[in-house]
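Labels run A, B and C following the written order; every chain starts at residue 1.
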Amino acid sequence: MKKILFATTALIATAGMAAADVRISGYGRFGLDYNENNDRVGNIASGALNGRSETNITSRLRLQFDMSTETDSGVTLGARFRAQAESRDNAPGGAAFNGARFFATYEGFTLQVGNIIGAVENATGLYLETRTAGVGIDGAGFESIVTNVNGESFNWDAYSSAGVGANGVEVLYAAGAFSGHISYSEDNGLPTSASRVAANMAYTFGDWTGAIAVQDSDLAFEDKTFVSISGDLGQFGVRLAYADNDGIDKWGLYGNMDIGSASNILVYVTDEDAVSAADVVAGRNDNRDAIAGSNNREGTGYGIHYSYDLGGGASFEAGIRESSWDNTTVQAGVYFSF
Amino acid sequence: MKKILFATTALIATAGMAAADVRISGYGRFGLDYNENNDRVGNIASGALNGRSETNITSRLRLQFDMSTETDSGVTLGARFRAQAESRDNAPGGAAFNGARFFATYEGFTLQVGNIIGAVENATGLYLETRTAGVGIDGAGFESIVTNVNGESFNWDAYSSAGVGANGVEVLYAAGAFSGHISYSEDNGLPTSASRVAANMAYTFGDWTGAIAVQDSDLAFEDKTFVSISGDLGQFGVRLAYADNDGIDKWGLYGNMDIGSASNILVYVTDEDAVSAADVVAGRNDNRDAIAGSNNREGTGYGIHYSYDLGGGASFEAGIRESSWDNTTVQAGVYFSF
Amino acid sequence: MKKILFATTALIATAGMAAADVRISGYGRFGLDYNENNDRVGNIASGALNGRSETNITSRLRLQFDMSTETDSGVTLGARFRAQAESRDNAPGGAAFNGARFFATYEGFTLQVGNIIGAVENATGLYLETRTAGVGIDGAGFESIVTNVNGESFNWDAYSSAGVGANGVEVLYAAGAFSGHISYSEDNGLPTSASRVAANMAYTFGDWTGAIAVQDSDLAFEDKTFVSISGDLGQFGVRLAYADNDGIDKWGLYGNMDIGSASNILVYVTDEDAVSAADVVAGRNDNRDAIAGSNNREGTGYGIHYSYDLGGGASFEAGIRESSWDNTTVQAGVYFSF
């Protein structure tokens, strides 16, 4: 059997007209997921889950291709392509390539087209400071994010690893301590079209970074305002985040600490307001994420995550999440990059 | 993050029994497509397009794997595998791998099996002398090709980048100024099977190349005869092409010129005959490609395309196509290879 | 066109935290398959095949990505991802990535999760000693395997090249002449769940290897016991295998011989018992694999396979299979690894 070890930093030579390159990278992660909701009688959130084990394998394998070239005038043109297979709640899957994202970069400016990142998704201080960007091995529902609220999770333009994404356009700019990002997508559906416009800005002053992001959407209940302030204090990291999710306020407080040379521990707490009575009347319910009732996500959620660096790009990751709607998730496993 | 730069011309070493290789290549292209047909009331060609913007992103990312090895007797065995994601008319997609093509090459002969090229598809002088083989960024419907006529486009065996292709067999031969190609495919459908047989030949004498291709098909209205004469006159290129598409004649005249060291401009004009009354009676209509009426593609179409080499395997591409059926398309964007 | 030749044994360097690698390998094979069953009137096994040619292209292209890294403590973590396109019986296909398999290896132990191999599938002495692990180019239905019997083929956990697989867990151990393997999978279906547990062991003493495998399944007619004894006698190889397939006994005797420096010829014979009357009453029929009647696989099947090494990792492969249910298959083609 032939064994090909790709060079981590390898030679590049030019033949013919092209001096472009392809970079292959990705990660694998696998572990166990205990989720009490999987075996709960009367679960109406995600269909009938009864009969499914509370504890399942959770896993993901991501294979990513990044291709790029540089023009004579110094513009870098490129694209990203990803295939990602997952297993959650005992539902394993294979993978196809996702929608492509194209880019052109010149000095501090980057134009991206297709499966864009999105300005809310890319806001500084939105996701957890963990390897999975959430708690545990698979993020455990990403309830730690203040823009995910009752009945409305991930209702903003975001890069899709397994789908086609927003098929939008965005411009990113970075210069020194400042970064900014504007994204736009349009869904030309019949009988009407819907568009999303979002923007973010971040500024770093010393150990602290402040950030803001907004989204204006033609779709119901998707207007958002997000702000965060993050401090990187050497061994310690702290962050405060807030979002107004079209009337539902949610706060998050996050702290993490290095322990010794290889460990990190993170804790967070979030607090979410109720859906207003007027919004419920207007059809903003809903029960997509949870057990029953229109306000079941109201209240306090919290989580704790532990990471241990195993070397070689691998780590042990474990976390517990306690939802505001009385659901406990415990996950542990390994994560490795390549 | 690890960065892998694949060597453009890299080392190869033998371990175990295999000295085979895999080559990764492809291209990305993205830009804007203005197509007035997208927002036309009464468009009956491709379903209801009304409500769709006239101007959309058009993009494609192609990732290709070519694997090959050489036997002790000098036969090269190999295969091609491709994953290609596209967005046209605001309908973005991901990608799976297409049907595989296998080959065996010995001296001037190549045998191919599976997702074959096809002898009409591969005829010299069929496609435009542009990077997209058509006008603009995505070919703009490839109306420049004389074998695409009213109601019948791409009705010959051709390599499929996103599907499984013809699952046929073909033999190619080249020696000096001569090249030839015979392809065959069979669709064992019930209750009857249908087969396509095609052949092409080309001969180069000095600056000029003459080519002919024919297809004989069991399916209705697919018999074709194609001839072309192409001249490569240094700074200038000219071509005349003609096809008899089972009774519909179409002519094309093409010219392109290098401008300075980095630019090329191409113009073409085509003229298509009407569908005969007898064929219309026999069920040859049709309106698949256009607005209404059985002969809406009859008449003159033309286009102009401009290309500017940006270096690094990248270029700027722009083009305008005016259809014989009164539809205008304007496209511009960038194209890069890797 | 850029040409990338991946180094068969190439350099590896560390940048940042990751020293992981990705290995690309695979194989292609294509040839002709004559199967008299394809054109048989009254074929009720696989739907109506009538009208399909008896002789078709058979082909497969497999592209495999193996990623791995090693932790500081010497544990190797990794995963396997595969995309495989096939054409059989004139039904060509493309490919998506299959379900991922993850592993952790430490000294002789390997833990695997996801799209596992399975302990019956991995039993020593189960498959033919040919490049395709069966007869001909595509295995010709793998009737040579003693665990494939009337109406029940491949009813054990096995790595799936084109699907998601068992989503199970398994542990493999090897030390000197001994190897062992335990696998487990659970399908949390409603209203009940079904699990498969399997194990195998093998021990090599001198030129001979003895092996045993068992499967205990919640699903009907899936309990299995398999034993084999294999001898590797230099120029000759012999093997005797037996399986009790939940009441259906099947024996297999296999022999192969090197001829000269590049050729090998293999012959086998199998003998399968009838389905018991009680099992037929209990719903164990069945006709999935063949013409008609509940016991149509009872009796003797045999095959012969010839391989010729072409060099460069390529070979010519040909084989004839005569089924116990009176069906003849003849295949020939080429096979190459990369």
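Rule of thumb we're sticking to: a contact is a pair of C-beta atoms (placed from the backbone, for glycine too) under 8 Å apart; a residue touches a chain by one contact, two chains touch by 3 or more.
Heads up on the chains, UniProt names are A, B, C = Porin.
Here the structure is a predicted model, which means the values were calculated and not measured.
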{"item": "Chain A onto chain C, rotation angle from CA fit, given as a multiple of 5 degrees", "value": "120"}
{"item": "Shared interface numbering between chain B and chain A [over half = same, under half = different]", "value": "different"}
{"item": "Inter-chain centre distance, chain A versus chain B - centres from mean C-alpha coordinates, in Å", "value": "39"}
{"item": "Contacts with two or more other chains, residues of chain C listed in rising order", "value": "1-3, 6-10, 15, 18, 20, 24, 96, 337-338"}
{"item": "Touching residues (chain side chain B, partner chain A) in the complex", "value": "1-10, 15-16, 18, 20, 24, 26, 28, 30, 48, 50-53, 56-57, 59-61, 63, 83, 85, 87, 90, 92-96, 310-314, 334, 336-338"}
{"item": "Residues of chain A touching chain B in the complex", "value": "1-3, 6-15, 17-25, 65, 67-73, 75, 77-79, 81, 96-100, 102, 104, 113-115, 163-165, 167, 169, 186-193, 313, 337-338"}
